[in-house]
Amino acid sequence: MSFLHKEEHVDDNMVILQANLDDMNPEWTSYIMDKLFAQGANDVFWIPIIMKRGRPGVMLNVLVDASLAASMEEVMFAETTTLGIRSIRASCHRLAREIETVETVWGPIEVKVGYHRGNLVQYAPEFKECEEAAKRSGVPLKTVYDEVRRVFMERKADCAAD
Amino acid sequence: MSFLHKEEHVDDNMVILQANLDDMNPEWTSYIMDKLFAQGANDVFWIPIIMKRGRPGVMLNVLVDASLAASMEEVMFAETTTLGIRSIRASCHRLAREIETVETVWGPIEVKVGYHRGNLVQYAPEFKECEEAAKRSGVPLKTVYDEVRRVFMERKADCAAD
Amino acid sequence: MSFLHKEEHVDDNMVILQANLDDMNPEWTSYIMDKLFAQGANDVFWIPIIMKRGRPGVMLNVLVDASLAASMEEVMFAETTTLGIRSIRASCHRLAREIETVETVWGPIEVKVGYHRGNLVQYAPEFKECEEAAKRSGVPLKTVYDEVRRVFMERKADCAAD
Amino acid sequence: MSFLHKEEHVDDNMVILQANLDDMNPEWTSYIMDKLFAQGANDVFWIPIIMKRGRPGVMLNVLVDASLAASMEEVMFAETTTLGIRSIRASCHRLAREIETVETVWGPIEVKVGYHRGNLVQYAPEFKECEEAAKRSGVPLKTVYDEVRRVFMERKADCAAD
Amino acid sequence: MSFLHKEEHVDDNMVILQANLDDMNPEWTSYIMDKLFAQGANDVFWIPIIMKRGRPGVMLNVLVDASLAASMEEVMFAETTTLGIRSIRASCHRLAREIETVETVWGPIEVKVGYHRGNLVQYAPEFKECEEAAKRSGVPLKTVYDEVRRVFMERKADCAAD
Amino acid sequence: MSFLHKEEHVDDNMVILQANLDDMNPEWTSYIMDKLFAQGANDVFWIPIIMKRGRPGVMLNVLVDASLAASMEEVMFAETTTLGIRSIRASCHRLAREIETVETVWGPIEVKVGYHRGNLVQYAPEFKECEEAAKRSGVPLKTVYDEVRRVFMERKADCAAD
């Protein structure tokens, strides 16, 4: 049903790599992000910070398995302007995840579902598929999200009622 | 004099729990904060971040004793939309703290005092009591703070002079 | 040479439309941005703000010609969760702009050039073309930018020397 | 059905009052916000900014009817540390709003509904009532929101089907 | 007693100049700020924003008398990378200001005082002088601030008592 | 050629010290930063955060060798208002660094160069020297940066061609 890690687990072998950037062209951020995700980063995000002399810099954060840290640093040194990278050890507690598909008037749309100790705690319509449906149909994106969530909730209620 | 931890100490058993949220209704943040504090979090705060596709997300941060981490995660999975939680180990160096009470024209108001190696380094009027006094009296809140600090400083000067 | 407005000018007929959002799924932001640009917005950007009850909201900003304000508002009401939109009048002083093309080892790449009172004051390699060249060649994006800027500067120096 | 402005309208008589604060105790922000709302502000929010010498300041923003500007400024001068207040004229386009009530297993909960040119474009469960229900029932707040939205959507679908 | 505008007044002839920067080296911000202040800006500040493709940009804001707008724009076009500048009209309500000097154990230190309708509403120790005193004496800066404020408050209390 | 650490290396003995500040005068930030750098901090930066009751606070971050942590904490307790400091262990991967000097029409200007595994990956004109040149010559700072980078690039190209 999915390429995702299906079992809930704790991964103790993660690192957060950080680089504070106060002299980089912000135009490069989407490219850098794409490249880090492509090479196996679990997450990439930016934090607006205030640096030396009050410079409005950004901190690049890369969450990744420790075994991939070296290749992430390779990208970070090549593509950003940093002279150093910090590394912090982290554990990640990840929910069991499944992809379910719901039927809508705009066709099938996937929902990412998260289970904690066997209980459904999260369900999130897939952005790309909802966006696609909104573009095709001309309906507002929020309407697509609402409908996907409604159909998903109803199905769960039906299952529970059986 | 106080329910606070009175001795200066370093606590090596703390963790910072983090969840990056890019699909959560921000209306829920005060409720989530209240709930985490109620269950024993030492601190809860939010960092504005930029996530995948340039989304303006927030990172929820919970500072807590490692022994309470599981129950915090329970709340985070239940009340936010996250599919994963990071955990980072941290030590906390906390000052000795005492609550002192100063007499003002608006009645007694508490001041939280911090000592580092026996020396007074911090003193902070209690917000809730100052707010209360400002509301009751119609005086600006900043005037209440100023007065509480003035009375506190004077008393300390008198003690030093004895 | 370009579809851009070629003459420096001041446009007094602009408005900034603003909506404070404290209950919207941040996943929708890229889609909303795309849609507003597609319908003629001059600029679209988000400001992280702190709203009622300390909510980490965002302010959507749309810079647009007053004649297009109504159709922008249509999109904003349809695609965001706002119940109101503020409008502020603004003038825009825009430089004369030209697109020039420089030859590089990765092929021709465009540079957007800005003139103020006839003097060249800005020149910016086109992101999409540099990104394309970086992807094709495997060279870091920042190297592409550097080279495009170097070639452009040299040509200008040569012209000046003639 | 509601004390809200029921008709969609544009109000041309609004101002945004702004004060940049680089020397104020952030503890006072909730109190200041409460006071400005109590005296008739339509909206109050804070923008993190970077000021002289790189100071991490905040800009206080108050959206209010021009007729109330003077009394807002009174509060701002009394309660913040600012030496000056900027005022910018703004128009506000507000949707028609109604409060509807939906029945849930946790009792009736209000939904704020927004209409644009007669069409329903927004519906937002009331935070305070959902929070109340979540606290009373022990159910996660997000579950309450989901259910309120589901019931509301269903009712609308039924109406449409009639 | 001071070079400052002594009377409380409203100045209707101000503008806020804004430029969104998504491709500028943040290292230049302090230099740009200095230059704009040197040429007569009343205030200069930066707002972290999220721009096209999720770029972490900054919005440069310059508050200035309309008569100086052209020379500010000159600096902005020369020193930043912007291709356009927005201008918004604003009124500024400024308090009456006086500089008073208080005697401390570290020598005389100035306090900027603000009056609203003749009433003292603000008083702020001068940062540069307090910094100087802290450096000279080795005392924490916050202690200097506290003492300056205490002496100032006492003097006012004495005056009131006369 | 330089006082900098010349070899690329990983330093496993670093800590990040953090203090969340929600009741401190932001005017003090530049002074605190200066003092921490003066006592040996590798980096000091501020992150805008949202704290209890929605307060717009800042998180002070100090990156420093573990052997200096105690003296940094001394400064932090003395100069900020915090009652506690968190400490997180970090490794730092630092590039080999050299200072090179390039000749420009405004005199010699230094460039900080970073090498990863022997390859030049970063080169950054020294801000203070470029600022100095811009002030002396009246040329825009960005022009100085551009020229320094151009000269540096050309020299590298010549070396490579030899």
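Each chain carries a letter (A, B, C, D, E and F) given by its place in the written order, and its residues are counted from 1.
Methods note: a residue touches a chain if its C-beta (ideal position, glycine included) is under 8 Å from a C-beta of that chain, and two chains touch if they have at least 3 such contacts.
Model, not experiment: these values are computed from the prediction.
Novice: Have a look at D-F versus B-F and report the one with more C-beta pairs in contact.
Specialist: Answer to which pair has more contacts is B-F.
Novice: At what distance in angstrom does the C-alpha mean of chain C lie from that of chain A?
Specialist: A distance of 26 Å separates the two centres.
Novice: How many angstrom between the C-alpha centroids of chain D and chain A?
Specialist: Their C-alpha centroids are separated by 29 Å.
Novice: Hunt down the residues of chain C that sit against at least two other chains at once, touch-wise.
Specialist: 23, 25, 27, 29-30, 33, 46-48, 50-51, 53-58, 78, 81, 88-89, 127
Novice: Taking touching chains as linked, do they make an open path (line), a single closed cycle (ring), a hub with spokes (star), an all-linked set (complete), or other?
Specialist: complete
Novice: Contact residues on chain D for chain A in the complex?
Specialist: On the chain D side, the touching residues are 50, 53-56, 146, 149-150, 153-154.
Novice: Please give the residue numbers of chain F that touch chain A in the complex, ascending.
Specialist: Interface residues on the chain F side: 14, 16, 29-30, 33, 37, 43-48, 58, 61, 63, 88-95, 97, 112, 114, 116, 121-122, 124, 127.
Novice: Could you please specify the touching residues of chain D with respect to chain F in the complex?
Specialist: 21-27, 29-30, 33, 46, 48, 51, 53-58
Novice: Which of the residues in chain B end up touching chain D in this complex?
Specialist: Interface residues on the chain B side: 25, 27-28, 31-32, 48, 78-81, 127, 131, 134, 140-142, 145.
Novice: Can you list the chain E residues touching chain C in their complex?
Specialist: 20, 23, 47-54, 57, 59, 73-74, 77-78, 81-89
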